[in-house]
Amino acid sequence: MQSRSELAVIVGAGSGLSASLARKCAAAQMRVALAARNIGKLQPLAQETGASVHACDAADAAQVEALFGALEAPDLVIYNPSYRIRGPFLGLDREEVRKTLMVSAYGGFLVAQAALKHMMERGRGALFFTGASASVKGYAESAPFAMGKFALRGLAQSLARELAPKNIHVAHFVIDGGIERAGGDPRAASRGDDGMLKPDAIADTYIAVYRQHRSAWSFEVDLRPWVEKF
Amino acid sequence: MQSRSELAVIVGAGSGLSASLARKCAAAQMRVALAARNIGKLQPLAQETGASVHACDAADAAQVEALFGALEAPDLVIYNPSYRIRGPFLGLDREEVRKTLMVSAYGGFLVAQAALKHMMERGRGALFFTGASASVKGYAESAPFAMGKFALRGLAQSLARELAPKNIHVAHFVIDGGIERAGGDPRAASRGDDGMLKPDAIADTYIAVYRQHRSAWSFEVDLRPWVEKF
Amino acid sequence: MQSRSELAVIVGAGSGLSASLARKCAAAQMRVALAARNIGKLQPLAQETGASVHACDAADAAQVEALFGALEAPDLVIYNPSYRIRGPFLGLDREEVRKTLMVSAYGGFLVAQAALKHMMERGRGALFFTGASASVKGYAESAPFAMGKFALRGLAQSLARELAPKNIHVAHFVIDGGIERAGGDPRAASRGDDGMLKPDAIADTYIAVYRQHRSAWSFEVDLRPWVEKF
Amino acid sequence: MQSRSELAVIVGAGSGLSASLARKCAAAQMRVALAARNIGKLQPLAQETGASVHACDAADAAQVEALFGALEAPDLVIYNPSYRIRGPFLGLDREEVRKTLMVSAYGGFLVAQAALKHMMERGRGALFFTGASASVKGYAESAPFAMGKFALRGLAQSLARELAPKNIHVAHFVIDGGIERAGGDPRAASRGDDGMLKPDAIADTYIAVYRQHRSAWSFEVDLRPWVEKF
C-alpha cells in the first residue's frame, strides 16, 4: 500500500531555475526538498510548493551526508550549484579557482554518492546535473568555470554508464545561454522576445526527461534560446 | 478565425517509429500526413490516425517537390528515412554506398528545402531529423551508414544555426540502440525488459521537444535503452 | 632487394596544400603521383617534384579505378578534393548540393576503396583525409559543405576503426581557417603575421603523422592559425 | 647574442612518458628541468639528459611557485601528473576523489599560471597537457578520473582560446591506451606487437607539435596503438 508520492531534492535551490523546478515538481504531485547554502530567502518558495528546506553547503561532505540522512529516499535529485570566477588567466585567484572546482564539480560527486545510497537500495531513481555551454567548450578568460563544468559532465557521463543498467537515470543538461531572472531581467530587453532562457521552460524539459520510459532515456540534452548563437 | 489544427508530416513513414509518431501526433490533435516510398502497408495506420498518405521517394527531388506542393504548410516535419549497407569495406557495392548517401542525407536536404518554403513564409515551424549512434561514431564495417548519418547531422546543425533565429525549431535525435519492432520483436528477448527502444517512448520525447518554448529549444537529444552500452 | 622508395598519391592535386604536400613528400624521398580533375596547370609542380600526373575526377568510379590501376601500390594516399556551395538555404541549387556530397564525400569513399585494394594486399599503408572546421561544426548558410565534410569524417572514423588493426593508418585533419594562397594572398594582409594557414606548415604535420610509429597513431589532428577564433 | 638553448620543464617527471620526453627534448638540444613529487629515482635520467631536478608537488601552490621561481623562463612546459582512484561509485573514498581532482586538474591550473607569468613577459611559449581516453569519455567505475581529466581538458581549451593570440601554443594530447613501461611490461605480451603506446613514440609527436609553425598549430591530438579499440 504504497501511497507516498515521489520526492524531488533540488540542490542549489537559490536560483531561479531551482524555483521553477520546485514549482513544476510540485505541480506534478511530487514532494519537494530544497537544499541551499543560504536558505534565508527560500521561505516563500517553500510555502508555495510545500517544500521542506535544508541548509547545506554542497561542497561539504558532512553537510551533504546530513542532508540525505534527514531525507527519505529521493526519486529525483537535481544538482544545480555552480560557482565561477572569470577574468584574464594570470589574475585568477587560486583559492577562488579551487572553490569553483569544489562547488561546481566535487559537490556533484558528494551529492551523487549520498543520494545513490538510497537509490541503489530501492533499485531506481534519477540524478540530473545542470551544465552550461562551458561544459562542452572552454571559453577564454573563463578557465575555472570550464574546469568545473567539464568535470561535472565527466562525472555525469561516468555515472550514466555505471548506473543506467542499475535502473538509475542519469542526465546532464547543457544550458546554453543566460537564464532570465524573475521580476524583470534588465538583460532580457536587449535580446528581444524570449531571448533568454525562461526557467519554467527549462524545467518543463527536466520534467519531460524525468518522465521518459527507460527504454528510451536521454543522457544529454542541450537547451538554448531560439536567437542564441552556438 | 484560426480553427485549423497543426499539421505533422512524417517522411519515411514505413517504420515502427513513424507509426508511433503518427499516433502521438494524432493524439495531440494534430493532422498527420504520411509519406513513404512504398505506401502499400500504410492504410491501417492512416485510418487509425486519420492521416493522408503520399507516395514519395525522399531522394527524388521532383517527388519531394510534388509532396509538399500537395500539402498545406506543415507545422512539424520529421525526416526518418535511412538506408544502409554494411560489411567489410573492400566488398561494399559502390552503387549501394551512393544510395545510402542519397537516402540518408540528400533526401533530408530535399525535404528540408521543400518544407521550409512553407515555414519561412509563415515564420514558424519545426524540422526534426532522426539520427543514430552512427551519427556521432563511425563504426567498423559500416562506413556508408556513418557517411549518411554524419552528413544528416551536419545538415541539421547548419539548419539549426541558420533557422532558429527565424523561429524554426530544428532538432536532431540520436537514437542509440535497436528499436523494438511491433508484434513481438525476436531480438528483444535476449536484451531483457525494455532492452530495446520502444517507438512510443521515442515519440514521446519528439513531442516533448516539439512542445518546447522557444526560449529553451533543444537541438540534440540522445535516446537509448537503460541497458545499452555507450 | 627492396630498393623502391615509398609512393605518395595526392588526390585533388590542384590546391596549394597539395603542392606543399607534393614537395614535402618529394623532400622525404618519396615518389609522388598527382591526381586532379584538371591537370592543365600541374606540369611545373610535376617537374619540380618528379611526380607523375594523372587526370581523374575523384567522384567518378571508373576514373578512380583507372587511376589506381595505373599506379603501383601506394604507401600514402591523401584525399584533398572538396567542393562547396554556400548561401541561404532556400536558394541552394539541388544539383550543386548533390555535387558537393559527391566530390567532398563519395569521392573519398571511391579513392579509399581503390587505394585499399593495394594496401590490404601488402598489409600496410596510410590513408589521410583533409577536413575543415565544417567537418565538426555545421555553419549557417553552409549546409552542403557541412554535409560533405561531416560525411567524409564519418567515412574516416569508420575506416580507422576497421583498418588500423590491419596495419593501415587512417587519419583525418581538421583544417580550421583559411589556407594562404601562393604568390601573395590578398586576404592574408588583414589577418596579420601568420594569420592564415601556410600550406607548408600543414604539410609538415601530415608528414609527421605519416612518420608516427604504429604504437601511437593519431586519428584526428586539428590545425589552425594562432590568431584564429575557435 | 641569443646563445641560450630552449628550456623544457616536465612536470610529473616520474613516469615513463616523462623520461622519453626528457630524452627527446635533450636530443633536440633543449635544456630540461624535471619536476616531480618524489625525485628519489630521477638521478639516472637527470644525468643522461643533463636535466636539473626539482621536488615539487604540483597540487601545492607554494611548491609550484617556488619551482618556477627557481627556473629561467621556460619555452615548453608539459603537465603530466595524474592520480586516479577506481571502483564502484558508492565505495569511492571522498578524500581520494578530492585528491584526484587536485592532482589531475588543479595542479594543471597552478603550473599553467606560474609558467605563463614567464611566457607572457617574453611573448611566446608552449604549454602541453597530457590527457587520456578519460578526457573525452567518462567510463563506468571511473568517475573521479573522468572528473579530473575532463577538467584538465576544459582548462586546456580555455587557455588555448585565451593564449594562442598571445603567441603561446597550448595543446592537449589524448593518450588512448596503456603506455608500455620500460624494462619489459608484462601487459604488453597479451596485446601483440606494438599493442601498447611506446613512450618514445608519444614523445615524438609532442616534439613535432612543439615544432609546428604558428600558422598551423594543433590544439588536440589523439594517440593510440594500431590495435586499440575506440
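The chains carry the letters A, B, C and D, assigned in the order they are written, with residues numbered from 1 in each.
Just so we're on the same page, a contact is a pair of C-beta atoms (placed from the backbone, for glycine too) under 8 Å apart; a residue touches a chain by one contact, two chains touch by 3 or more.
Since the model is a prediction, treat every value here as computed from it, not as a measurement.
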Pair from A-B, B-C or C-D with over half of its contact pairs in common with A-D: B-C
Centroid spacing, where centroids are CA-atom means, of subunit A and subunit B in whole angstrom: 31
For subunit A paired with subunit C, centre-to-centre distance based on mean C-alpha positions, whole Å: 44
Multi-partner residues of subunit B (each touching 2 or more other chains): 161
Chain contact graph, described as a line, ring, star, complete graph or other shape: ring
Residues of subunit B that touch subunit C when the two form their complex: 61, 88-90, 92, 94, 97-98, 101, 105-106, 109-110, 112-113, 116-117, 120, 134, 137-144, 146-163
Contact footprint of subunit C on subunit D as seen in their complex: 161, 164-165, 167, 169, 180, 194-198, 200-202, 204-205, 208, 211-230
